[in-house]
Each structure stands twice: as structure tokens, then as C-alpha cells.
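There are two complexes below, and they share subunit A, which is joined by subunit B in the first and by subunit C in the second.
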Partner chain A sequence: MQVRIEGVTKSFGDHPALKDLSLKVGSGQLFALLGPSGSGKTTLLRLIAGLERADAGAVYFGDVDASRIPIQRRRVGFVFQHYALFRHMTMFDNIAFGILVRRKEFTHTRDSLRRRCLELLDLVQLSGLEDRYPHQLSGGQRQRVALARALAIEPSLLLLDEPFGALDARVRKDLRRWIRELHTKTGHTTLFVTHDQEEALELADAVVVLNDGRVEQIGTPEQIYSAPASPFVFNFIGDSARIPGSAINGGWRGPRPPEDADIFIRPQDVTIVGPHEGAIHGDIVGVRRLADIRRVVVRTGAGDIEVNVADGKPTEMGAAVGLQFDKWRTYRNGVLLQRD
Partner chain B sequence: MPISATVPWRKRQSVIPGFGMTLGFTLAYLSLIALIPLAVLLFRAAGMGWHDFAALAGDKRTLSAVRLSFSTALLAALVNVVIGLPTAWVLARYDFPGRRVVDAIIDLPFALPTAVAGIALTSLYAPNGWLGAGFAALGVKIAYTPLGITLALIFIGLPFMVRTVQPVIADLEPDMEEAAATLGANRGQTFSLVLLPPLLPAILTGFALAFARGMGEYGSVIFIAGNLPYVSEIAPLLIVIRLEEFNYEAATAIAAIILGVSFASLLAINVLQAWSRRSLGHDS
Partner chain C sequence: MTARSFRGPAVTEPPWARWLLVAVVLTILAILLVLPLAVVFIEALKRGAGVYLAALSDPDALSAVKLTMIVAAISVPLNVVFGIAAAWAVTKFRFPGKSLLTTLIDLPFSVSPVVAGLIFVLVFGARGWLGPWLRANSIEIIFAVPGIVLATTFVTLPFVARELIPLMESQGVADEEAALSLGANGWQTFWRVTLPNIRWGVLYGVLLCNARAMGEFGAVSVVSGHIRGLTNTMPLHVEILYNEYNFAASFAVASLLALLALITLFAKSALEWRYSSELAAGRGH
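Presenting the complex of A and B:
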């Protein structure tokens, strides 16, 4: 099912959460809503589910205005960050809940209901745990049951609110891959909220970057990463350094008021050269070990700039170096001015 | 915790110190203020011999008083479940102007001298009182009837119900209700299938407390009851009457009966509660 959001505005008291936001999610796609906390991503998700009401604008499911459909009949599978499993019910009863309360829509016999629930448990790889209670399962297992429960109502739309937020790094990684496979298998139109850019880039067909209640950029993970449309996106996705000014090749020149321009660069697009070469000069003030690379911090007249350095290349604290930029983007007043 | 099931309790190492000391202290004061007085009561009741006890306990006036205390306490506790649940819900879930005031008023029956409550209720519900007059016009007599007793017991028991259930409601994640709604449950289904089961143990506790209090309540009831033997005379009052007649045997017998009935009821409720906790997956 295609979801269209048109000009949605929502405030909580004096605090605006969404500002005239529009978005289109194609049928069967896996969308990530990415943004810092307070950017409105969870509000948007809850609004689509019908858990919140928009002040203005509308959400369309296909061609139908969703505000005409009560939440109970939207057939939206919603997975909460903290699972929201019914703690007094077994896994089986949790999954069967949606089917049992919609007895009119699902004509299940006792046997076919049981088969369906066990099938779903099998799908989320938890066969044999149907008689367990939520408190007897790990976080990752609970979240998978929550997903099975959401899938049980045969949703036309699947919404996941920071589904991995409460899990540890290892489990997150496994679940991420598994969700991707599941999406390929079941093909539900899916939106998930995350503040983790790595998660969004790895998992989604398309990433929607939200900032302060507005859409900053919509695009494939590739576009978002390599062609950020605004300084915010550049800064939010991946590591970056900001250098005030607009000219960098042939020597950096500071900003010239009233011009408001910034150059953004990524650590992997900077090379350390001799102290008398390069565009900017400075001293090495920090060396850190990341998982597979060394990260050197160079203090320059334009601020601290982080640089990736391959193993084997000497890096000495306090050494005077020059920096040469291979790729960068310049934004003037928040608009892309010049690429590379 | 599974550990407690396998390791004998004496061997268990706990990070919380002072198990021996606190248990000893508990047993000591429980003995002084509860167990010994109750044992004396039972001892005296036993001392009068089975025949005498049966004769005193089988007395018609005694039986009707105990029956009245039991039935009014039971009814009042049931009504308190119905009133107390929404009250606790509103206080725990919503913020509205005056919430703190209402919250404080709930505790008033705890603090108010029970006689004051009794007199206030009586003047209000007597046939010539503000509310009583209206009911009298409809042919319903509240004060000086078992209905009046029940009313006083509802007043006395309400805080027990509200105060036991309220924190449990505050503890329920709104997530669960939202999840139920997205899964297609209407309000009735959400209430009965999602909200009520986790609250059941607390409701039973509140019910038990309100009921137990109702069985023993004296001060507020005697003013509104009218105290007609066989009609509106409660068991605690009859004990006082027997004491004033220096008929200690009869008073002891009634007390023993109340004790037995209360204990059996509370035990039954506790068993029920343990069962509800287990069947709802509360215990780990």
C-alpha cells in the first residue's frame, strides 16, 4: 500500500513537532526516518498509525484519507521501542491477540489459529517458545515477538519505532540483517524510525532525513551519503569537519562577511602531506584508534580537522603537517554551492 | 528468581543484610501486638468448653449480627471495587485541575475520627437530612438500615481500594493500550483483556483490605445503623453490649467467630490472589 503524507503539521502545546511535512512512500518499500531526537520522526510515525492526530494536513493510505479510518481498522502493524508486549500473556497469546479481537475479519478455527501463530513464531525464529511469558525472554526475542504480533493482523503497513533502540550492539546488528531479509520475504510497506545513521543506511531502500520537524532530504542511502543536500545532512550522516569559508584549493581563505559559507569534508577525503604543502597547515593534537583505521586530529587556523590515516604511516603528536583535500562540498546559506 | 527455588533459604547469600535481625524483630512485635492478644482470645474461647461456646455462638442475635457484619462488609467492598477502580484510574492517568486536592480527599477516611464520619453521614442520609429526604420521598430509607451501614463501610473502605490499585495503574505502560488499539482491540477489549488482568492482584488486595476493615468497623457504623437487634446491629457493637453487661464469655465467643470468618475470608482471597498472579505470569 502506498502512503502519502501531505502538509502535516503537529504541535504539542507550544512546541511544534512537525512543520508542513510531505512525504510519499511507495508500495512495498522500506523507508527509514532518520533524525536527531526531537526532530519529529516518532511523532510522524505515530501520526501515520493513528496514535496522534494532525493539527493540519492529511495522511493518505492509497487514495483514502486515513483520518476517516479509526485506528483499530487501519491495519497498521506497530512495533514499539520497548516492545509493549502484554506481560500477562504468553508469546502465543500475544501473537493471537490481534486475530482474536478481530474475529469478524479473520475467520479462524481453533486449529487454523494455532497453525497461524506457530507459523509466525517460526518466521521470527522463536519456535518452541510459545508458552513463555515476556519476562522470560531476552530483549531481542521480545522485539521479534512484538514483530510477529504486528504481522499477525496481516498489516497493509508496518511501522517500527526505534525497534533496536533498547538492544545491545550485537543483537542490533543481527536483527537489522534479519529485518532486511524479512522485508524481502514479506514485502510489507515499512517505515522505521531510527537516530542511528548506520542503521538507516544499511537497512533502507530510501532514507528520509528529518530535522526540526521538516524533511531535509529524501534519497537512497547512496545519495544521502555521497550527495548530502544540506550542511545538516552532511554533518549528521557520517563524520565530517566544517571549515568556514568558500575557497579551499590553492590555499584556504577565511570567510568574508557578509558571506555565510562553509566547506564540509569527510575524514577519508583528506590526506596528510608535508608541512609546506597542502591547502591548510596545522599540528597533530590527537591520534585515536577506530576499529579499522587511525584517526588523526589536526589543529589548524580553521579549527580541528579529523583525518583518516592508513596504518604504517607515521603520525607523531605535535608534528606540523599540511592537509590536502581530495573532495569537499561548499554550502552558502545552507544551499549547496559547489561540489568537489 | 529461580535461585530461591533451589538453594535452601538458610544457605542463601543475600546482598541485603540483616535478614535474621529483621525477621526476629518482625516476629517479636507481631507477637506483642497481634499474636498474643489473639491467642488469649482463642484461649479464653476454648476455655469455656465446646458446649457453652456453641450455645453462645448459636444465639440468634449473635448470628444475625455476624451475618449482617459479613454481608454489609462484603457488599461495601464490592461496591468499592466498582467505585475505586475508576477513581484510581483518573488519579493515576490524568492531570486535571484539582487533582491533588481530590488525591488528598481520598485519604480523609483514614484520618477522620470514624465517629465524625458516622455522624456526618447520618445527618446527611437521615430521613430529614439533605440527601435522606430525597431518598425518603422515593420510599428508600438509608440511615438506620443495613443500607446505611453499607454506605458507611463504603466510605471507610474506599481509600484501601484506591491506594492499592493506583500505583499499579501508574506503573502500566500506555504502550500496551496503544499496541492493543493498533492490533484492532476496541476500548472494551483493551480494558478487559489488556488492562484488567495485570490489575487483578491489586484489586483483590484492595478488596480484601476494605472487606477486613468493614468487618471490624465500629465508630462510623453505630451512628448510622440505628442498632436494632436482628435488623441493624453489627457484631462489633454486640461485643461492646455484652462487655457492658459483664458477659465476657459471650463477647469472647462473638469475637472468636468474627476472627474465624475474617481469617477464612482473607485466606481465601490470598489464595485467589496467588493463583491470579501465577496464572497471569507475574511470578518469575
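Presenting the complex of A and C:
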């Protein structure tokens, strides 16, 4: 099912959470809503689910105005950040809940209900755990039960709120891959909220970057990463440094007056060169170890710039170096000027 | 980990100070709590089991026990309904006057029970606001069972609500939202999700509420009229017997109340021990 959000505005008291936001999610697509906390991404998700009411604007499911559909009949599978499993029910009863309270829609016999629930447990790879209670499961298992429970109502739309937020790094990675596979298999239109850019880029067909209740950019992970539409997106998607300078005809002329444009650059697009070469000069003031590379901090007249350095290359503290920029983006007043 | 840390958070007092503190506390407990309780049972049984049983099977005593049960049987369910409704309203909705409601719920705890009783006399009594109208319609409230129920309900009003509000606050609304998104209507959500989540909290509140309902003296004393065999509850009956120097009978009835207290205490501890995680934060442990 296609979801359209048109000019939605929502405030909590004096605090505006969403400002005239529009968005279209194609049928069967996997969308990530990416943004820092307070950007309105969870509010948007809850609004689509019917857990919040918009102050203005509308959400359309296909061609139907969703505000006419009460939450119970929206058939939206919602997976909560902390899963919200019913703690006094077994896994089986959790999954069966949605089917049992909709007895009019699902005409199951006792046997077919059982079959359906076990099928779903199998789908989320938890066969044999139907008699366990939520407190007897690990975080990753609870997450998958929550997903099975949401899928049980045969949703036309699947919404996941920070689906990996409460899990440790290892489980997170496995679950990410698994959700991708599940989406390929079941094909539900899916939106998930995350503040982790890596998660959004890896998992989604399209990423919606939200900032302060507005859409900053919508695009494929490739577009978002390689052509960030605004300094905010550039900054949010990965580590970056901002260097003020001047630009003519979209071309950056270096860190010199008039400082009418900024370039943004990523640590992997900077090379350390001799102290008299490169676009900008400074001293090495820090060396840090990241998982697979070293990160060097160079203090320059334009501030500290982080640089990725391959293993084996010497990096002495205090050494005077030059920095050569291999790739960057130029923005003037928040607007992208040039593409490479 | 040093051996010291097993004794708990950094203890700096010398051993003699610790033992002295413990001894003081235990002595106070013994004098104020254990001794009186023991006296009740000793006095009650001093003249033998025959006298004890006779005192309990006296028609007035039986009618006092019966009335106490009736009052508890009415006021406790009323408080459960009110407590759940109030806790639900306070924790699941945003509305104007919410903090006022939270404050008002505690009112019965801060008002002296005697004043609580007087309030009802002033409203429903013969010379009260509604007195003439009530008499014209021959409805008896003060010096009758309805007045006792009203006073008891008022005094015990906060028990269930106060137990549930922090519990439901800590549980949040995610479970209810999940139920709604899965297609449950309001009733289904309440019966299948909310109530099971708070059941032990409700039971805890009921226990405390029941103990207070059966033991309430002040407010009930004002509205009851002390009519033997008609409007005497157990605590009132104890007082009457005592004032008549009928100590054995008085302590016999009192022993029932003491027994109720012990059972309540035991059940309460059992609940705290078994379901501490499902009771309001800060309870148990």
C-alpha cells in the first residue's frame, strides 16, 4: 500500500514537532526515517499509525484519508521501541492477540489459529519458544516476537520505532540483515525510525533525513551519502569538517576571504602531504585508533580537521603537515553549489 | 571486591555503635508493637477458651462482625473501581485539573477521620444540608449503615489509587497502544492488557484498603450512633465493651482485629516478596 503524507503539522504544547511535512512512500518499499532526537521522526511514525492526531494536513493510505480510519482498523503493524510485549502472556498468546481481538475479520478455527501462530514463530526463527514469557527471552528474541505479533494482523503497512535501539552491536547487525531478508520475502510497505545513519543506509530503499520537524532530503542511500543536499545532511551522515572560504562560479578557491561559502569534507577524502603542499596547513594534535583505520586530528587556521590515515604511514604528534582535499562539497547559505 | 563490601554500602560506624542502634530499634519495636499485640491475645484468652468463644458468639458481637464485613464488602469494591478509574485518568490522559485531582485523592489521608465523619453529619445529618430532604423521603444515612459505608469509603479512598498511580506511570502506555494497533477496542485493551498488568498492584491496594476499612474507628464512630446490634462495627464494639469494664470480651473481639492485621501483614509481605517487580517502584526489596 502506498502512503502519502501531505502538509502535516503537529505540536506538543508550545513545541512544534512536525512542520508542514510531506512525503510519499511507494508500495512495498522499505523507508528509513533518519534524524537526531527531537527531529520529529517518531512523532511522524506515530501519526501514520494513528497513535497521534495531526494538527493540520493529512495522511493517505492509498487514496483514503487515514484520519477517517480508527487505529484499530488501520491494519498497521507497529513495533515499539521497547517492544511492548504483553508480559503476562506467552509468545503464542502475544502473537495470537491481534487475531483473537479481530474475530470478525479473521475466521480462524482453534487449529488454524495455532497453525498460523506457529508459522509466524517459524518465520521469525523462534520455533519451539511459543510457551515462553517475554522475561524469559533475550532482547533480540523479543524484538522478533514483536515483529511476528505485528505481522499476525496481516498489516498493509509495517512501522518500526528504533527497531535496533535497545540491542547490543552484534545482535543489531544480525537483525538488520535478517529484517532486510524478511522484507524481501514478505514485501510489506515498511517505515522504520532510526538515529543511526549506518543502519539507515544499509537497510533502506530510501532514506528520509529529518531535521527539526522538516524533511532535509529524501533519496536512495547512495544519493544521501554522495550528494548530501544540505550541510546538515552532510554532517549527520558521517564525520565531517567544515571549512569556510570563498567560491566563484561554484568552484571553491580555498580558505580565503571573502568567506562566502563553506566546504564540507570527510576524513577519508583528505590526504596528508608535505608541510608546504596542499590546500591548508596545520599541526598534528591527536592520533586515535578507530576499528580499522587511524584517525589523525590536524589543527589548522580553519579549525580541527580529522583525517583517515592508512596503517603504516607515520603520524607524529606535533608534526607540521599539509592537507590535500580529494573530494568535497561546497555550500552557500545551506545550498549545495557544486557537485565535485 | 573486599570483604567489607558484602556488608553493604560503606559502613563507617564502629561495631559498638551499630549494635547499640540495632538494640535501641529492637527495644522500641518490642515495647510499641510486639508487647501490645501480645497483650491483646493474652488478655483475650486469660479467662479460658470458653469465655473467649462466648464473647465472640454473643449476638451483639456477631452483628458487629457482620456489619464490619458488609461495610468492607461495599467500600472495598467501590475503592477498587474508583482507584483504577482515577489512576487510569491520571496516568493515561492529559487533561486540565490533573494535578488537582492527584492532590485531592490524598485528601482523606490528611484530614482527621473525626473531621471526615463530621463532614458527613453536616451534609446528611438531621440538621445538615440534605437532612430535611432525606427525612421527607425517609432515607436514613447518618446513624445507619449507609453513613458508615460512606465514611469508610471516604477514609479508605486513596489506598488503591495511590498504589496504582506510580505503578501505571512506570508501565507507560506502550502496552495499551500496542493492543489498540493490533485491533483491540477499549474494553478488550482494559480487560486483556491493562488489568493483568496491574493485578498484583490492585490486590496490594485491596489488602491495605480492606484492613483500614475493617479497622476504621474515628470517622465511623461519628456517623454510627453506636446502636448495639445495628450500627456497631467491630472497633466500636471493642470500645463499648471496654468502657463497660468487660475486658475479656473486649479483648476477644480486639483479637479478631489483631488477627486481621497479622494476616494482612503476612499477605502483604508475600505479595512484595513474590511480585515485587510488578508492584509500584519503591515497594518490596
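A few points about this structure:
Keep this in mind: the second predicted complex is superposed on the first by the 326 of 340 C-alpha atoms of A that agree within 3 Å, B and C clash if a C-alpha of one lies under 4 Å from a C-alpha of the other, contacts with A are read in each partner's own complex, and residues count from 1 in each chain.
Rule of thumb we're sticking to: contacts are C-beta pairs under 8 Å (C-beta built on N, C-alpha and C of every residue); 3 or more make two chains touch, one makes a residue touch a chain.
These numbers were taken from a predicted model, which means no experiment stands behind them.
When both complexes are superposed on subunit A, subunit B and subunit C end up clashing with one another. By the touch criterion stated above, A:R102 is placed in contact with subunit B and with subunit C alike. In the superposition on chain A, A:H88 contacts both subunit B and subunit C.
When the shared chain is aligned, subunit B comes close enough to touch A:Q136, but subunit C does not.
Look at A:Q72: by the touch rule set out above, it reaches both subunit B and subunit C.
Legend: residue contacts after superposition of the two complexes on their common chain; A:N235 is shown touching neither subunit B nor subunit C. Once the two complexes are overlaid on the shared chain, A:T220 sits clear of subunit B and of subunit C alike. By the touch criterion defined above, A:S11 lies against neither subunit B nor subunit C after alignment on the C-alpha atoms of chain A.
Shared contact residues on subunit A (touching subunit B in one structure, subunit C in the other): 49-51, 71-78, 80, 82, 84-89, 97-98, 101-102, 105, 149-150, 152-153. Chain contact summary for the complex, subunit B toward subunit A: residues 173, 175-176, 178-186, 189, 193-194, 197-198, 280-282, 284.
Residues 49-51, 71-78, 80, 82, 84-90, 97-98, 101-102, 105, 133-136, 146, 149-150, 152-153 of subunit A touch subunit B in their complex. Of all the residues in subunit C, the ones that touch subunit A in their complex are 174-175, 177-185, 188, 192-193, 196-197. The residues of subunit A lying in touch with subunit C in their complex are 49-51, 71-78, 80, 82, 84-89, 97-98, 101-102, 105, 149-150, 152-153.
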